[in-house]
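Each chain gets a letter, A, B and C, in the order it is written, and its residues are counted from 1.
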Amino acid sequence: MTMAVSTKEEALYLPRLAELIKVEQLTEREKLFEFAFKDGGELGHQPGQFVEVSLFGIGEAPISISSSPTKKGSFELAVRRIGNVTTALHQLVKGAAVGIRGPFGRGFPIEPLKGKDLLFVCGGIGLFPLRSLINYVLDNRNSFNKIIILFGARNPKERVFVDDLARWAAREDVQFMETVDVGDETWAGHVGVITTLFPDFEIDPGKTMAFIVGPPVMYRFAIAEAKKKQLPDEQIIISLERKMKCGVGKCGHCQINGAYACQDGPVFTYAEVKNLREAL
Amino acid sequence: MKPKVAFFDFTGCEGCQLEAINFEQELLDIISAVDIVNFREAMTERSDDYDIAFIDGAISTERDIARIKEIRGRAKILVPIGACACIGGINCLKNFYSMDEALKIVYGDDAKYYDTIPARPIDAVVPVEHYVRGCPMTQSEFLKVVKALLQGKRPDIPNYPVCVECKMAGNVCVFEKGETCLGPVTRAGCGALCVSNGRICWGCRGLVDNPNADSEKEILKKHGLSVEQVLSRFRMFDGYSEVAK
Amino acid sequence: MHSQVIAKQELAAFVENLLRQGEVVGVRRKDGKYVFDKIGSPGELCLDYDVTVLSPKEYFLPQREAFLKFELAEAIKAEPITQAQRRIILGVHPYDIKAIQLMDAVFSKDNPDPNYFRKREAATIIGVDCLNPSPHAFCASVGTATAESGFDLLLTDIGAEYVVAIGSAKGEELLQKHAKTRDASDGDLSKGKTARDEAARKYQLSAPVSLDQIPRLLEENYDHPLWEELAQKCLSCGSCTMVCPTCVCFDVQEDVALTLTTGERYRQWDSCLLEDFAKVATGENFRQHRSTRLRHRYFRKGKYMMERFGIQGCVGCGRCITACLAEIASPVDTYSRLKGGS
């Protein structure tokens, strides 16, 4: 076997050190972390890609990237506190160092979206990866046609990125709709699961691309609604969560039938996952 | 600040506490990482102010129940160590007798001076945070749990059978050698210590979360064990669990 | 590729010379079976074995392998660990050679894995044709009873001598430097071929369908009740995958010193049969049921690896058949059942 191992390959599992430059509490369980690489470099990601975040001594976890590539000098990760790594991450304060590998995986398509109508269906923290794309699109607003954003949370307390939501709602060039599954005394808006928003808007299925990201249970229902609006399978785009250890197509954990979520995904078209019976 | 650690013993041979004392290389590091404030087997000082309580032994009297509840009330983190504390262990062999009969067998004419209840693991009485399994407790797992507690993380304890570690060790399967074992349903973490040293797995680390015990029982029968022998295998350490009944 | 011939007593001298070069791993007896292990003298070697308990994959993907070390002082420092021990692996059967070729494909695709390739480059593979197949092997029916590449040298027992096929410049140099050989004649080569042909007839099992039909057979039977039937017996013990020469999935974990000032990250063999393999931190388990995990193994071997890497995922060594106490891991039986046989 004569396959020379280059310096780049030598570093396949070596994280780059990044400094935590800002922390923002999003909800009781979720925080937004802004990182800058200590070497001054950019992450250089596509919306929809993920990184492996190392807390040395604790472990590594795959986290989707929430900032737009148009944001330079730093990047943002929104994280729910759930396992060892994310719990430790939540305890970090400004100035702390973490390791970052990536960006990994196939992100959302960008070029094919130009001139198209875009529909974003964000269920809860499904907004974490979609925010990257939404803000990218809004930073390049002239390249895209009509934009519809739907956001659904379980209850008003679980709404994430409320400043972004308010900004999108205020824009004339965005149709923004929001709902919560269960309201409370603070909530005057729409109540019902995210699919109950679908009767309230029209799309042109010939030129619309739909992006659906949310909890596993949401996909079937949201995709069915998109299909009712005559959207072709190729124009429905989703992002799938799986266990990922290596992030580089070796460890086998993220396999969805024959596909590797960390290489072939995490972003897939509905046309692709229809043939992957473990996907949804 | 260093966490305050206490060790307490209930029904058992106290061998797991001995394992804790028997660390050679790591003992100094352990002592510098935590303050041991209560450890009858190792020191004379006693304190009721502790963060982490390691519990050796099973619960087998009413007094035990009251005592473990008191310890639970004081400790922030409670960790049973060893088979007796984690799963009931060999103490539960007596659960297959009436308590009167068990007392008579053990204490004869003096039975009237003692009381006893069916033996049970610690978590049958009070909630626990983590486990250090094995008979005696697996030392490397004890270190893993201590380190995880120091780091504030959940320790990564295997939820797969001993077969995984046994195969990794390159052992010839005991079934191929004409013997039988409980490795296929027993929680790994011991590195298949017994099989690697020419013995069989008796299941001292308890079962994995979802053991296919029915299949294991069929396999044991196919390899020559009677129904009674199969059950007595499970009762050796796992008498408290449903699979032994 | 040209061949040499080495007399059996000369092979012992060759091995002695190799031992002076560095670590030699060979096949030796253990508890009535065979294992790959470090050897200290030629006398320990078995070259006429049927199959080893584990394949030599551990020399490329160790059971546990630290790949990153770090210091957690004021400033965090992390560096990769990729060094590899130079090693000669002697007595590898053709099916295990094919399995290594599959590992090469897995670990090179998209992102070459430095830890794997450091070990791969540091290894010299001396194969030996399998003339006494295990009763559970079905190599002849899946094209893995012989190998034309993937080795540095390959021995074939022709009685008092071995034919030595040369598979690489490294193998040729090793032979020239350390062994007394002669050029193989047509007669020698034909003796070698006869030995292999005879061995091919000794296989007691054979795959019921040809390799190229397996992906379709599986796909058509994705929802076959057989998966659930086998799952009733499956122990989810992972034995079939641990002994498999082409199973390369790994878990990643972290270990720190008690002082919490240094630590390492390591990978460790994992198995898609184990309950937590596809379970994420939120508790969602993408293969919660035994039947889905068991089916995944068959699909990975029979279909997914072929589609992704262009190489079959099962080399027919039969180790899984031997290892499975529930007697449900046999690709031969399972393909037969799916095909509508017994």
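To be clear about the criterion, contacts are C-beta pairs under 8 Å (C-beta built on N, C-alpha and C of every residue); 3 or more make two chains touch, one makes a residue touch a chain.
Note that the structure is a prediction, hence the values are computed from the model and not measured.
Using the definition of touching given at the top, classify the network of chains in this structure as line, ring, star, complete or other.
Basically all the chains touch each other, so complete.
Any chance you could check whether B-C or A-C wins on number of contacting C-beta pairs?
Between the two chain pairs, A-C has more contacting C-beta pairs.
How many angstrom between the C-alpha centroids of chain B and chain A?
Chain centroid spacing, chain A to chain B, equals 44 Å.
Mind checking the centre-to-centre distance between chain B and chain C? Centres are C-alpha means, answer in whole Å.
Chain centroid spacing, chain B to chain C, equals 37 Å.
Taking each chain's centre as its mean C-alpha position, how far apart are chain A and chain C in Å?
Their C-alpha centroids are separated by 39 Å.
Chain A: which residues touch two or more other chains?
57-59, 83
Where in chain B do residues touch two or more other chains at once?
Only 151 qualify.
Can you tell me which residues of chain C touch two or more of the remaining chains?
253, 256, 260
Please name which positions on chain C make contact with chain B in the complex.
30-33, 35, 37, 53-54, 58, 63-64, 232-239, 242-243, 253, 256-260, 269, 271, 274-276, 290, 322-323, 325-326
Where on chain A does chain B make contact in their complex?
By the definition above, chain A touches chain B via 57-59, 83-84, 87-88, 91.
Quick one: in the complex, what on chain B touches chain A?
151-154
Per the contact definition, I'd like the list of chain B residues that touch chain C in the complex.
Of all residues in chain B, those touching chain C are 26, 29-30, 32-33, 143, 146-147, 150-151, 156, 159-161, 163-164, 167-168, 170-173, 175-177, 183-185, 208-212, 214-216, 218-219.
So in the complex, the part of chain C that touches chain A is made up of which residues?
These residues of chain C touch chain A: 67-68, 70, 72, 75-76, 78-80, 82, 104, 106-115, 117-118, 120-121, 123, 222, 248-254, 256, 260, 263, 265, 267, 270, 272, 277-282, 284, 286-287, 292, 296, 299-300, 303-304, 307-308.
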